[in-house]
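Pasting a structure below so you can have a look.
Naming follows writing order (A, B and C), and every chain is counted from residue 1.
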Amino acid sequence: MEFTVNQVAAMLGGEVNGNGNQKINMLGKIQDAKEGQIAFLSNPKYEQYIYTTLATAVIVKRDFVARKEISATLILVDDPYISFTRLLEEYHKLVSFQKSGVEQPSFMGENSTIGNGYYRGAFSYIGNNVKIGEQVKIYPHAYVGDNVVIGDHCIIHSGVKIYADTKIGNHCVIHSGTVIGSDGFGFAPQSDGSYKTIPQLGTVIIEDHVAIGANTVIDCATLFGDATVVRQGVKLDNLIQIAHNVEIGKNTVIAAQAGISGSTKIGENCMIAGQVGISGHIVIANHTGIGAQAGISKSIKEEGKKLMGSPAYDFSEYYKAYAVFKKLPDIFHRLRAVEDKAKKSENTSLSVD
Amino acid sequence: MEFTVNQVAAMLGGEVNGNGNQKINMLGKIQDAKEGQIAFLSNPKYEQYIYTTLATAVIVKRDFVARKEISATLILVDDPYISFTRLLEEYHKLVSFQKSGVEQPSFMGENSTIGNGYYRGAFSYIGNNVKIGEQVKIYPHAYVGDNVVIGDHCIIHSGVKIYADTKIGNHCVIHSGTVIGSDGFGFAPQSDGSYKTIPQLGTVIIEDHVAIGANTVIDCATLFGDATVVRQGVKLDNLIQIAHNVEIGKNTVIAAQAGISGSTKIGENCMIAGQVGISGHIVIANHTGIGAQAGISKSIKEEGKKLMGSPAYDFSEYYKAYAVFKKLPDIFHRLRAVEDKAKKSENTSLSVD
Amino acid sequence: MEFTVNQVAAMLGGEVNGNGNQKINMLGKIQDAKEGQIAFLSNPKYEQYIYTTLATAVIVKRDFVARKEISATLILVDDPYISFTRLLEEYHKLVSFQKSGVEQPSFMGENSTIGNGYYRGAFSYIGNNVKIGEQVKIYPHAYVGDNVVIGDHCIIHSGVKIYADTKIGNHCVIHSGTVIGSDGFGFAPQSDGSYKTIPQLGTVIIEDHVAIGANTVIDCATLFGDATVVRQGVKLDNLIQIAHNVEIGKNTVIAAQAGISGSTKIGENCMIAGQVGISGHIVIANHTGIGAQAGISKSIKEEGKKLMGSPAYDFSEYYKAYAVFKKLPDIFHRLRAVEDKAKKSENTSLSVD
């Protein structure tokens, strides 16, 4: 991963002022960048650093006028911040997808295929009849069970466990320790107090552009032919529980340690905060916002609501009630005082009568 | 896994009506089953599909009378739903236990034994002096530490980590990413504000017929000779925390993301909902039910209680109080109004006097 | 690991009374110790057992006077309990660090080094340019990404996943399934309702003497050069979420299933109980205590506060309010009664007027 200043400028549609043949291999901050790095200047507050930076190149605004000599090569663009962000993204993509080839020992079962540009880390396991698309990176200790299908441009980080028959779309990233397709939690009570396992025979479907954090769990559906479904663009954080037969709507975002119980359907573009718990067999409307640690026990039918509390209800109503909750000892005291007065006044009235 | 219709009928004690030599390799729903599949008809609402289904065989009630021609072979039984459920269970067992033999590379230390019908997946690790019973399936990337004992008919899924000296009974299933026997969280405060590690030298005992979900953690006991114990028939969901020296009674069921603190004893046949937290060093009576997100801070001595809230108390009392909580802003308003009236009335009384 | 009684006595500064050449290979409790084990007698209540114990040696107080014959060899010390604890710690250290050498297959990339006394378990993975100190134990299925630095005397348990560029100090223990350095949860909303990934390019720094439980997750920082930081002496339990750019102060202790949101700074010597949730971008003062399941939404500026509730505030104020919360149905009833009286008295007053 080494580019010339000219190559970077071409990518950003920028103009080079200085030696464009110099090599860049890293991004840095203008105040502490080193040789071989590229930085940017957007906020005028940082202008002082452009005259002393060791960076090989600095991205500046097209109308930037230097007040002193600058040793770095300049790349002139319309918006240095946006250009740098784009560079960051490209860099991130390059770093994320840089691993390639196969490390040994690794395991690949019968009738399994993987497209071009793959990485199969040491100790990665791919079962039988697995179909994996192009530019997919399977890190060390990842487990991909039999009959799994994975699309293109996915990253399966170290130690991810994907049970048999799971389907994963394109452009998905799954972080370490996450488990997809484990048995749903289904047990039928028996007359002697014990429980009998209800076979969990469904699968999990993860659509395109889904990101899943570390140590999250997504259980498979109960019945044959059914699936727990995570729709396109969903972003799941770490340590989340998604139970069997759940469906999570397009572009919904769920923060760490939240849990969704079985058969619940979450709408599109919802925002679910950390440690939220959602009961089973309910439906959450699109654009619902749920505050941290809230507990949702009933379906939310109206779109765009914001909820808080356990059980949760309207966010601002909850906060108003909670503000009074804090005063409860005082309220109780005042209630008794007013009761005493009422009793006294009653007695007075009685004596008046 | 291919059976003839006759074989399936024999297993179910059913009577065959049609060609019993046809092959079945999959279960399906009557409305979308394909050739080679077996479906069932129980609910009369679905009768229409039996005349068009592509299923090779359909399980029907003994007294079923066809109103049109049916191409599928019929298996006549007393209760089609129960028969199909039994088939599901058999199928599930077959699928779950179908892996066998050893994939390479895998690791097995000195003096370790494993019974007949085993599966040892690639990259599975079995330490020294391990004793594993018959029909045990150790999936890829599972880790079984030194001196561990595992009974018969267990499934240890991919990436399960079992620390040294753990004991696991028969018919247990442990899902991916679960950790058993990690150090209990014990640290002694020192005068300089730092903490000293209290050695965790006990073990974990898991009895028979225990099911454990994915990414759950069960810590070992603190003292030599002591154990964290999970009794027979317990069912644990995903992402659960079981701290050191906890004991979980027979047939207790715990839902995802619940946490039990150190040295607490949970009784038999309890039902603990998701995200519940239970304090350390307490005792929970048999048949206790604990609602989602509840926090239990004191021992529950009476059996059969249902609890809610944090700290938790009687379930229906909690809901009554919570219903009033929602009205707190209004209550506060009304309290002030009645205070005003009382003051006014007091003044009036005073003026009366 | 076998010592003579004389060796143990020398280590404890104790005096031997009996055959000091006998071999000891295990610690035990005086009431059920077996041959080859060493026990202790501190509480006089247990004195009876010293006359019947099968232990090879028993640690007793220097002034202990036997009332009957004792077959065990005695080690006389100032404080038997403290001596035994020291023995436990030594034993634990020996057991923890006893594994050594390399098991095959294991993987070590280019330009990586590991110091003396190492253990590299089968299927452990060490990437490129990794620097690992002395006496470090890397258990099976552990993953150490490129450019990671690990100090001396660390234990990385089975299945731990350490992403590239992470830095870990000396004397750290990390339990199975824990993930360090996964991407922070950062997504920028787009006009079409979808989200764009914000590249997470920072790292994680873990200082010395940090203990981390099982299946915990620590995300990397967002920006280049930034780090999520866990300071010296911090103890983290199982299943904890530490988001990007968080900093956890020296000697702070966090119990299981707690979650800290992005960019929050936790002070030194805080005690955070189980299932606590802490919002992002806030600061928690030193010596703060946070009760189980509490939710912290604002910075805590004053040191030494104890908090409870969600949102949390003063611990004892919360409990006082919660005590009144339980009475809310009764309070509501009484409020209505006093309203009725007030109305009646008002009417009376009116009629008086």
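One rule holds for everything that comes next: a contact is a pair of C-beta atoms (placed from the backbone, for glycine too) under 8 Å apart; a residue touches a chain by one contact, two chains touch by 3 or more.
Bear in mind that the values here come from a model prediction, so they are computed numbers and not experimental data.
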{"item": "Subunit C against subunit A, contact positions shared by both copies (same if over half, else different)", "value": "different"}
{"item": "Copy-to-copy rotation for subunit B and subunit C - C-alpha atoms, rounded to a multiple of 5°", "value": "120"}
{"item": "Approximate Å spacing (C-alpha centroids) for the pair subunit A, subunit C", "value": "26"}
{"item": "Residues of subunit B engaged with two or more neighbouring chains", "value": "105, 123, 141, 159, 177, 215, 239, 257, 275, 293, 325, 327-328, 331, 335, 338, 342, 345, 352"}
{"item": "Of all residues in subunit B, those that touch subunit C in their complex", "value": "105, 107, 123, 125, 141, 143, 145, 159, 161, 163, 177, 179, 182-183, 185, 187, 193-195, 197, 199-201, 215, 217, 219, 224-225, 239, 241, 243, 257, 259, 261, 275, 277, 279, 293, 295, 297, 310-311, 313, 317, 320-321, 323-325, 327-328, 331, 334-335, 337-338, 341-342, 345, 348, 352"}
{"item": "In the complex, subunit A residues that touch subunit C", "value": "27-29, 32, 88-89, 91-92, 95, 103, 105, 121-123, 139-141, 157-159, 173, 175-177, 209, 211, 213-215, 233, 235, 237-239, 250-251, 253, 255-257, 268-269, 274-275, 292-293, 322, 325-329, 331-332, 335, 338-339, 342, 345-346, 349, 352"}
